[in-house]
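Each of the next two complexes has subunit A plus one other chain: subunit B in the first, subunit C in the second.
After this line comes the complex of A and B, so read on.
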């Protein structure tokens, strides 16, 4: 009887909130697992053991699978999101850290931190299509909205490499500040924003001229400058806001995407690195590697609304609609 | 104490000890290289992988009112001072610290924000003080370790110069004695090296505590 009642309750809930099916996935690089969180209740619903040192994660185009960079296993794992089981692996090259999926859903472009390559993998066949030599310690990966241009950043060479996805050739190299970590295209594809962790800046590059339009610096009252280390970048598609994760300063900068002015610095959790929007970009989630939690930011209010404890050293975050 | 348990060391043991002494030199070299690479302008003697951050600055753990005035006055309020001491101490479980914060917030009335800000300023001051002494302890630890490594290297050079002698049962050669001493030094070095991971975690744990306290206190600010 009780079961029937709660089933009826669940059915009712499903009727009332038809769009509330969002799920948040977080990779934890020290506890070697993925935390699964209900996007509505913001409660942890499952923890799934995966390979060694999971870092970058991304969803397959059909949202059925989560691709996971298992960095210390030198492979990309495929997690079935229905069964919450690893159902396969893909070749990745050594030490995959971060990757980006082509907007069409295939192929996957993987940065190999150890061998200075970007590996291009066909996700349907599980085969390597190409290997593109880039700078030393490639990490950041951004792809233009039309999928024609891939931008990879190399941490030691301090460059953003523009790669033609049709020919797999580098078409331009743009020198940015010290240790670039992340590259993100604007919604209209006209700019790419590249963060520099040690340099402490974000370079905004014009994708047409390959010139740096501006460099955004950060200054937080009461925080020593060396603690301000920009890593993750997230841009709203409407061209309004940019969010930049500032590492051990424990802050996320909110920037006006048009004027490049920093509007505020939100205190999130300790050593914030990566960022992920939900589908309608009303919320932004941040991974906080040292406080072992994620923060939930309300984008319209520019306010931290909650922290959720996850596994050890959370790294990547994605939201399934 | 260990003089009582002397016994001649086998040649195999001696070879292993020399190999370990070489390894120690390699560990030290690689540690020095790592530090130099990741922190070009910072203290080259800092032995931890974690970057040396001299103190937890307020902006990293606090988004409430400025702490300057509160940092100067929290000691003058005995209740706040005692509470700051309590919540800053790692002997106090964090749940207990949170309960104490809640209690103060509920009892403070109109002074709530002022008192809570003083409480955090006090707790952060105490944590930073403890953290500074832990960090200078780590520095001393590293200096001792470096000195011991130098000593082991000198012993290896001395050993290489000493002849291997056959001695009657119960009698040890000069070389055996020196090997014995070196074995102990290596053992101490290795145990300390092993403990370093734990030692280096201590400043990080204090940062986590400061952050957790700041976050909890900010919940009650208007």
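After this line comes the complex of A and C, so read on.
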């Protein structure tokens, strides 16, 4: 069975192989390193030791640097992607977990889990521009395509906080289900999708009215409802699909972005948390924290085509075009 | 600070945070207050290990952090949470302190009390319409024959602890247990829970011994010389996989590891311990809780701090979801089907309808590291796997639902 799958996977890969070589970066929370993977061969090409407990990662606008939340070092590290060396750090506030870069490439908005704050950092000057008080244990960070609105989720307060990026003031608080982990704007900026890990749902919020349009629930035959814990959310820019990582159920849900209907569940590795598209969104990568691997999903076919062993407790994943 | 003289024997109960402010609508526009009372009897607990601190503020620090967390959320909703603390000295008049809280208008009470005091206050006529959160007493009787309609149990019962431990031992195929029972009432009840768990999960008590440690001093020069001769004799037996110790007062259990007759692990109240919280626990976001607590209290979080935090957060969660500060509305929501609390255990915590016990995973912790979390995989249940721990609905003699 496994052989058949990998043969089929190889055939599929040959068909969907992107023209330009991409590079995949995975942060490994437990082994304190970044795994570098060739997007074409899907082979690990390097492992780079970084700071303590690397979690959220994102690429600089020019793709020269990877920003890394080194949570236990209370800093954001800057990894030079040419030399694969840490070339600097940025102030982050305590325990940075996740962050999001302004669509213009600056500033960086960081969720500080330990002190109920979102820190705004100028990535060029390496200075703190503002601190925004939010709810208890801020984590999820989403930014609107035009960069005007930042959404932060707080895990113990159970809210999505809408923050005006011009004034750094909270403009609205939307109560969602328990332990919101992730916020993602739709391509047109009209919705923000917020996952709730303990609540087991994804709330789709209208960014105009700040009302919840719908709450998407999940049911997987043979899986205890408690094991279905939504975390990472990825939306295709064409408005077709949404992918939601469902934690210890070891599944990624595929949802119709328009009808909000769950189309199917893809079996991936164990305790899947974060998701990352490649540049043309033909592929989606998932970090599987308990099986120490990432799964490769073919977006068009909605099929898992390969898994790649990485470091210990993989957390974040991004793809450099 | 205000002091109330509450009983003829002159017990003085200190109330932090003035009552007068707690019940009034806040001066600021549209801020409504949720007053919560915390009552504790300060009973000295001296751990046997010199490495462990002697805590004088276990429990209340967790309640205070819960208030702070509730208020961080509350400021977005115009809700403010206030804690009134009533500290009764050992042997003091708990009932009088409780009545003073009721007289001040309190309806939501976090009770860090032992079982007899808890029952005494719950049975007072004036307590009929209050909601009491039991954050300290693990007694199984309180979840069965002695259950009360106005009490919710946040702290896991002895049965839940014993079941959590038993599931792990059975998973390890360590099915033959040697049981050492201390002389305290709590020790005997803990041992009962262990025996019940053995029957429930197919383990066997292959030997059992009572041990009266008397009153042991924490410090004795050259003390180890005697101990290393006594403990092997105490555990002399054959064919056991583990030694299960029931020593809730922490008088001798710490002496057992590495000194047992057979080279076997020690589990129970010492060694590998089933508990709802442990300072080594860092999963499911617990790191944030540990850090936040340490910053606020200047020490590690104890189990009673965690259960007090859960009680205060239960109230906060209900106030947030109902957008109400009314005690009756809050209580109805907590008891309802919609209620779910996030407590750093990876899934939602809810209260059992039949006896008011909070469903929760139980940690299995060694002194310096987490070993496992129960329920263990494979112990199935038709409703919730969490109900494999403790008295399930068909077993409990309590019928609140």
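Assume the second predicted complex is superposed on the first by the 302 of 321 C-alpha atoms of A that agree within 3 Å, B and C clash if a C-alpha of one lies under 4 Å from a C-alpha of the other, contacts with A are read in each partner's own complex, and residues count from 1 in each chain.
The working rule: a residue touches a chain if its C-beta (ideal position, glycine included) is under 8 Å from a C-beta of that chain, and two chains touch if they have at least 3 such contacts.
Bear in mind that the values here come from a model prediction, so they are computed numbers and not experimental data.
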**Message:** Let's test your reading of the overlay: on subunit A, do subunit B and subunit C clash or fit side by side?
**Reply:** clash
**Message:** I'd like to know which partner A:223 touches here: subunit B for first, subunit C for second, both or neither.
**Reply:** first
**Request:** In the overlay, work out which of subunit B or subunit C sits against more residues of subunit A.
**Result:** C
**Message:** Just checking: does A:116 make contact with subunit B only, subunit C only, both, or neither of them? Give me first, second, both or neither.
**Reply:** second
**Prompt:** Thinking of the overlay built on chain A, is A:270 touched by subunit B (first), by subunit C (second), by both, or by neither?
**Reply:** first
**Request:** Mind working out whether A:129 is in touch with subunit B, subunit C, both or neither, as first, second, both or neither?
**Result:** neither
**Request:** Quick one: classify A:42 as touching subunit B (first), subunit C (second), both or neither.
**Result:** neither
**Message:** Quick check on the superposed pair: does A:248 touch subunit B, subunit C, both, or neither? Answer first, second, both or neither.
**Reply:** both
**Request:** Would you check which partner chain A:212 touches, where first means subunit B only, second means subunit C only, and both and neither mean what they say?
**Result:** neither
**Asked** Considering 74-82, 110-118 or 146-154, which region of subunit B has C-alpha atoms that clash with subunit C after the structures are aligned on chain A?
**Response** 146-154
**Complete:** subunit A residues contacting subunit B in one complex and subunit C in the other 224, 226, 248
**Item:** Residue numbers on subunit A that touch subunit B, as the complex places them
**Value:** 220-224, 226-227, 248-251, 266-267, 269-270, 290-291, 307
**Fill in**
Touching subunit A in the complex, subunit B uses residues 51, 53, 57-63, 66-67, 204, 207-208, 211-212, 215
**Message:** For the complex, give me every residue of subunit A touching subunit C.
**Reply:** 95, 113-114, 116, 135-137, 154-159, 161, 170, 173, 175, 178-179, 198-200, 224, 226, 229, 248
**Message:** Looking at the complex, which residues from subunit C come into contact with subunit A?
**Reply:** 69, 72-73, 76-77, 285, 288, 291-292, 295, 313, 317, 320-321, 340-342, 346-348, 384-386
